[in-house]
Amino acid sequence: MDTYIREICSLPVGTEFEGFFFIEHVEIKKHRTGEPYLKLILSDKTGTIPALWWKPPKDADLTIFQRGDVVFVVGHVEHFQQSVQPKLKEIRKADSKEFDSKKFISESRFSIEEQFNSLLEVIDSIENPFLKKLLENFFYDDSFVKKFLKAPAGKTIHHACIGGLLEHTLGVVEICETVAKRFKSIDRDLLICAAILHDIGKVYEYEIDVTISRTTEGILLGHLYMSCEMVTKKIDEIEGFPHDLKVKLLHCILSHHGEYEHGSPKKPKTLEAVTLAYADALDSRVKGFEEHIERELGTNKGWTRRHFAFEVPIFFDGNFNYGEEK
Amino acid sequence: MDTYIREICSLPVGTEFEGFFFIEHVEIKKHRTGEPYLKLILSDKTGTIPALWWKPPKDADLTIFQRGDVVFVVGHVEHFQQSVQPKLKEIRKADSKEFDSKKFISESRFSIEEQFNSLLEVIDSIENPFLKKLLENFFYDDSFVKKFLKAPAGKTIHHACIGGLLEHTLGVVEICETVAKRFKSIDRDLLICAAILHDIGKVYEYEIDVTISRTTEGILLGHLYMSCEMVTKKIDEIEGFPHDLKVKLLHCILSHHGEYEHGSPKKPKTLEAVTLAYADALDSRVKGFEEHIERELGTNKGWTRRHFAFEVPIFFDGNFNYGEEK
Amino acid sequence: MDTYIREICSLPVGTEFEGFFFIEHVEIKKHRTGEPYLKLILSDKTGTIPALWWKPPKDADLTIFQRGDVVFVVGHVEHFQQSVQPKLKEIRKADSKEFDSKKFISESRFSIEEQFNSLLEVIDSIENPFLKKLLENFFYDDSFVKKFLKAPAGKTIHHACIGGLLEHTLGVVEICETVAKRFKSIDRDLLICAAILHDIGKVYEYEIDVTISRTTEGILLGHLYMSCEMVTKKIDEIEGFPHDLKVKLLHCILSHHGEYEHGSPKKPKTLEAVTLAYADALDSRVKGFEEHIERELGTNKGWTRRHFAFEVPIFFDGNFNYGEEK
Amino acid sequence: MDTYIREICSLPVGTEFEGFFFIEHVEIKKHRTGEPYLKLILSDKTGTIPALWWKPPKDADLTIFQRGDVVFVVGHVEHFQQSVQPKLKEIRKADSKEFDSKKFISESRFSIEEQFNSLLEVIDSIENPFLKKLLENFFYDDSFVKKFLKAPAGKTIHHACIGGLLEHTLGVVEICETVAKRFKSIDRDLLICAAILHDIGKVYEYEIDVTISRTTEGILLGHLYMSCEMVTKKIDEIEGFPHDLKVKLLHCILSHHGEYEHGSPKKPKTLEAVTLAYADALDSRVKGFEEHIERELGTNKGWTRRHFAFEVPIFFDGNFNYGEEK
Amino acid sequence: MDTYIREICSLPVGTEFEGFFFIEHVEIKKHRTGEPYLKLILSDKTGTIPALWWKPPKDADLTIFQRGDVVFVVGHVEHFQQSVQPKLKEIRKADSKEFDSKKFISESRFSIEEQFNSLLEVIDSIENPFLKKLLENFFYDDSFVKKFLKAPAGKTIHHACIGGLLEHTLGVVEICETVAKRFKSIDRDLLICAAILHDIGKVYEYEIDVTISRTTEGILLGHLYMSCEMVTKKIDEIEGFPHDLKVKLLHCILSHHGEYEHGSPKKPKTLEAVTLAYADALDSRVKGFEEHIERELGTNKGWTRRHFAFEVPIFFDGNFNYGEEK
Amino acid sequence: MDTYIREICSLPVGTEFEGFFFIEHVEIKKHRTGEPYLKLILSDKTGTIPALWWKPPKDADLTIFQRGDVVFVVGHVEHFQQSVQPKLKEIRKADSKEFDSKKFISESRFSIEEQFNSLLEVIDSIENPFLKKLLENFFYDDSFVKKFLKAPAGKTIHHACIGGLLEHTLGVVEICETVAKRFKSIDRDLLICAAILHDIGKVYEYEIDVTISRTTEGILLGHLYMSCEMVTKKIDEIEGFPHDLKVKLLHCILSHHGEYEHGSPKKPKTLEAVTLAYADALDSRVKGFEEHIERELGTNKGWTRRHFAFEVPIFFDGNFNYGEEK
């Protein structure tokens, strides 16, 4: 039975367990006798523990275990210096078909299928033929959609989960719709199109293997630029796409972080761009608060520790409703 | 017939006109002969012009005209140094019943009555009995409501019009509702109550005489504090109002500018406070963009000048829909 | 005999000791045999050490010990991994009458009684009848005075001690008197009244149990607002208190952090407010330097480590005079 | 004979002059008689003056003169309110072949031809075949080269002249070569290629008609993004161009403003990117100082006024060598 | 009789006047006839007016009048475009013995002699022999003292008057004494010595001719550095002056602006340095407020305009006591 | 044989070694028996390890070993808690003649002799006789030169090595020469002289004992001021040195950090000062990147960790050429 790390921590000393884990760190160490052993740090989405493969078989090749591998282990609980540090009696690299990746990375609490349907409905409501065609070229392309539905919207700050990009995209779209209804001078189709495409570069900025990491391209170029390059390429394939419409759409994407210090090379200078930037900030900040509360307080009430990016501790004494919605 | 300043500017030299105007500035000057005359700067909501009362009757008391008065004048168009500078043949202080204050300050483009009804419906939807009672104590109080419905939400940056506070309040409430539907851990009643009350101090921060100005109290204390003081007084009259609910509500109000540099003594530290702060920023920034476009471009398209607070010029080539909605 | 933690650290291995300590952290751990033991972190105002209750009696209820309790313990010194980690043979919860709270939190180095008398003399010197009445309503109220005399002016940055608020208040008053003598346009009574009341909200912002902590209300609202609310309530009870005097006084309190980024919702805009803000900064910064030197260098000379808030290390090679003054 | 505005200002009252001028502003005004006349503001690169066409022929169509036109005028010097305000007796729109555009915008003080040859030599020295091909695809393309050689590197801050982009590009290349010689770990070909391409988006960010202005696309997207889009398109046409080389090159361009607040969406994260960013800052800041000195002091020594962007006045008491080099 | 500009402005048209004035600006203009005339801007400490020498004698050399000269003029009041613009019938350069420089620059409201005596008493109270010797070497040196007593402490922000440096120095000393009495670990002699010397570089940073201006050396090096250089030179002449005492004293001077962004190359890192920095800020900010109120409101109450450096308008409704004290 | 710490870490358990090491930290500890032993942290430029002198002779004086000593030790490798922690059988204080200081601090990768020759050639090329004399007075003074050639240009951020100051000085000179060739209005001699002298205060700001540390004077005054004081003293010895040249030279030095927030009390206000400031930033930032890559990646490629001052991680996949050049 596949055990979670949170469970191992509460097992009595000596209890046997087995399961699949992600290798965060691995080192080959030596006993005083000169015999090698393996020191590992194992993780899943519930936490992290050290573990030792204390007595590997003489002929074992210890070098095959690498950071980033998922392994299957059998071991029993031990304590060392008052912390849990299991000893393993068996360890082998796992095949990706054997384990459920949800053990390592969480998923959007909304149904991905239902959300994607909502997104398609929104696309369907676009009247501007060029923008509609552009969106269809992205979202009727199965290979792109497959990546999009899996992508997270972040690594640590908000929507750091499978389907996080989709969830965030819909959250921003909803807010933009609300605002566009009140402010009639807004070009609603342009705004909604920009809202849908604003973060698509995250499909390549992040990489989900077993956990989420940022790609070298992502760190060097960022999703603002990458989204624009992707949109530009698709636009170039659409005959007659108006140049000024392209410029206004790219401006929305390029400026959606709102301020230079948040990495936007341009500040919003149109009604649509300014709406998108503030809607994006609203959805991602509220989600970031919610995720921090969940991570820090679990089912308790009270104060979290200070959030490293928001620079405040958060107080929560309400009712928990951030669980699964599906 | 009451003439607007914008109209006077396009009248041929010599044309007679009459109308009510606000005195922005007044000085008693002397001709070389030693005879006094009056130099005025007159305004209404369409603009500002200099004017001269060149030959007042010998026995006229010129000192009765003060900055802030509304006067009725009769004059004819003259040019001086290539600008319009009418000469007046008659001027007298106007009684406030004679003129329509809408000549001097614009009004929300939405119907105040309909909006207030919407607000009352929102209040009706609050389930928390303490919060509902608190809101009722404000909005079932005719003398407060009268001031509230007239108050602007700003002097220059956004919603600088009669009914602007109501319009902005509803805009923020709508966005908060959208967000509260997605994020179920939010205490929706607390959030909506905070959204309704967040700017009520503006009732006393601004003063509408003929134009909008800030009161001394408003400049020294500000609406964040003033709203809190008003809410505290009303809460103290409600028996059994929970202390922690009061603290959470005041925190939302006190932190709704989001950042210290925007004048919040506290940064948002709860889900409701962070939602309110970002929703407020979104509604007021979009409105500020819209008003700047309207003021600068009128019915043209293209670039506005740089906005003094947002620090960007704004580009608009869309369809104008920021006119009257009533 | 009640031993201080600083003393325990220099005792030879094996020495017995006893004393009262504050529980910073507590965990129930298990021996390999499955038997439970207690791991504690104990503190007093001289420092912090880990300790183990290695062999509790079989029937002991280990769950009664909580963070925040003061306990009486008997134990002997042991070393673990080159640090002191005593083993306890006895531990029980202490009654608050048994121990001296000064073991856990330091006190102002000036006599509280003498300082309070000085404060009353200052109040007596106020000539404005409304301000005098206001101050008397605070400082002739025994239940408020009792809290005020005990309150600290901070948790970590400055005057973090019993009586710290009183000491800081007098320090600011002295500087304000000096400035008011030179600048005759200052309303001296208003300035001194504001100086006395500027931080009174700290009475409820901080909580002294055995150590100093911030209350939830304190973190969500802050002493700037809380002081104003307290002052407003008292003013409302004084008949005829002039509205403009109230506004000027509240402005001094609300703006006394001087800059938005230090949490003032308004910058000082009167002579009295600007004097108070700079006098407050002066007294608290110098005290903060002194406390950092004392904490870091004790009786040595040289460099402290970098202060986390002032962002500099501090150099001191002078004569130590920050000891007791009483 | 074509007269410069600087010359007109020193002509005696009544002197006749003629010449070509740029219309900065134009208005149709009316005499008291109702007869129309034309009020203009005329400019060339030496300055700006008001002028009046006081008595146009009855049948003249005054509406044909627009801001941005170049006109040929004949007039004589008059003074109005102690300033020069010529009256014109003749005015007609000029054909672009009639006048020399150098009257309206200055040119790089280095020979454009010689500089372009230097640039081609630098390109020739690149050994990396992909980067060389990329550069050749830009600089062996006559239609691009034509635009590039004319483009300015700025509108006001630095290199605001025809050929300014070329001059600045070479200045940055020279500094990069110096640094690459000392720091051998730098990929010199990548650095030089990035230096040559870093600002090419300015070809479309600015528009030189008679004077320099920024395009709508330029204001909404900026040359950082526009350069990247241009480079990406050319790279996509080169078979086998390594993806990581593309990413590193785009990173240099995207980060070359060095800091978020200067409009870079990414900070430099490679040796080449950091070298380019600092070399660009060095060349443009020194040029900006030189241009400000020249503009403000002419051939005098002493202090300039405060530079609006550098936020200092500049002191110069040296020898002038910023004249023509050709 | 020497007339002030403030008086001229209220004289009836045609009235004759005479007096000494400072030339802010001068231009030789021409009548339509070709005859030259002089256009001047004249000032004294009460204000500024334009004036014309409309009909100079044929043989007058108009070029001898330069910005910075003080002239004696005789003229009569005329109005031009509703402003006062006198016509002069006589103008000649004044000898510096003829006029009182107090007409052009104000003086400290405290007696310079009494203040200097206070300063000498403070110096007398210093016990550290090296610091006392250092101070005596400055303040027993008549040629230095003469400059010191005249020097202003600023050009616009605070203490911009003759004797301003002395007044400010004593203000800072008083605050430092107050603080040193409370904080016994402060080296009082070091602090007071630093307070006396902290701004002495202003003796050469500013130049009082007829008005206050900054010297080129002052703008390029600043009084922080200049004070340190002056102190270093004097210290080098004192045998046995301890090196560490010199370093601590220079540190106080170099860091007394408190923050990098206020021009301190080092932040305060000793008790004395931090006290000096905050005392300096307190005295100069309060004085700056007072001067702004005086300049803007004169004998009125209410709001000033926004202060360009403090970035707030100031409210004053108190009793005026910032007049002469002597 | 003298072993490096990097080597010890890879030796098998039990292996004997000997060598010279720097004491980073030392404590006298006690066995349970009460017998004392020594716990040390030893370092050289390749790293840091803990070590125990477990069984010192009964009569050994353990107190003679101090932080900062270099000791010679003989020991063998042991592991404790999976880290290397050797036990020593012998330890004695080393005489500074016994060991090579290069074991503890690295040296510039360029030959110090060759670089100094280059510097002398540059000095020789200066034509301005006063600047040349000034430079000669520094660099023909053997005792100064000895210190200069050894000095580092930093402790952690860039050029933290013996000869680092010389290497950095030449790097800046080279860039300045490149810029001066293009911008002919620059006073090349002044610029090069300023480049050579800009950091000479570092000779006393840093102290190389066995490792680099900052002096108390260095922390309190900083090299900007210290360089100026050194230059001023030398200038005072040169008869007829023009005052304005001195002021311009000191301005270059004082402003070479470019911005207030980087510790410059003045921003650059001359062509030479602005060139120096940007050239200094360029050379030190590129070197800082290179050193961080070397330190973090060694001979690997990929990403470094985030640089603490530059606030980015650095990517390097190029060819390593930052080794020895001599």
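Here the chain labels run A, B, C, D, E and F in written order, and each chain numbers its own residues starting at 1.
The rule is short, and it goes like this: a residue touches a chain if its C-beta (ideal position, glycine included) is under 8 Å from a C-beta of that chain, and two chains touch if they have at least 3 such contacts.
From a predicted model like this one, the values you see are computed outputs, not experimental measurements.
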Looking at where chain A touches chain B, is over half of the residue numbers used by both copies, so same, or under half, so different? same
Counting only C-alpha atoms to place each centre, which chain is farthest from chain F? B
Count the C-beta contact pairs for A-C and for E-F, then tell me which is higher. E-F
Report, in whole Å, the distance between the mean C-alpha point of chain B and the mean C-alpha point of chain D. 43
I'd like to verify one number: the distance from the centre of chain C to the centre of chain D, where each centre is the average of its C-alpha atoms, in whole angstrom. 61
Can you list the residues of chain C that touch 2 or more other chains? 216, 219-220, 244, 269-270, 313, 315
By the touch definition up top, name every chain pair that qualifies. A-B, A-C, A-D, A-F, B-C, B-D, B-E, C-E, C-F, D-E, D-F, E-F
Enumerate the contact residues on chain B facing chain D in the complex. 12-14, 79, 82, 303, 313, 315
Chain E partner contacts - residues on chain F that touch it in the complex: 216-217, 219-222, 224-225, 228-229, 232, 244, 247-248, 250-251, 254, 260-266, 269-270
Across the complex, what residues on chain A touch chain B? 171, 174-175, 178-179, 182-187, 244, 267-271, 274-275, 278-279, 281-283, 285-287, 289-290, 293, 310-322
Provide the residue numbers of chain B that touch chain E in the complex, in ascending order. 29-30, 32, 34, 39, 216, 219-220
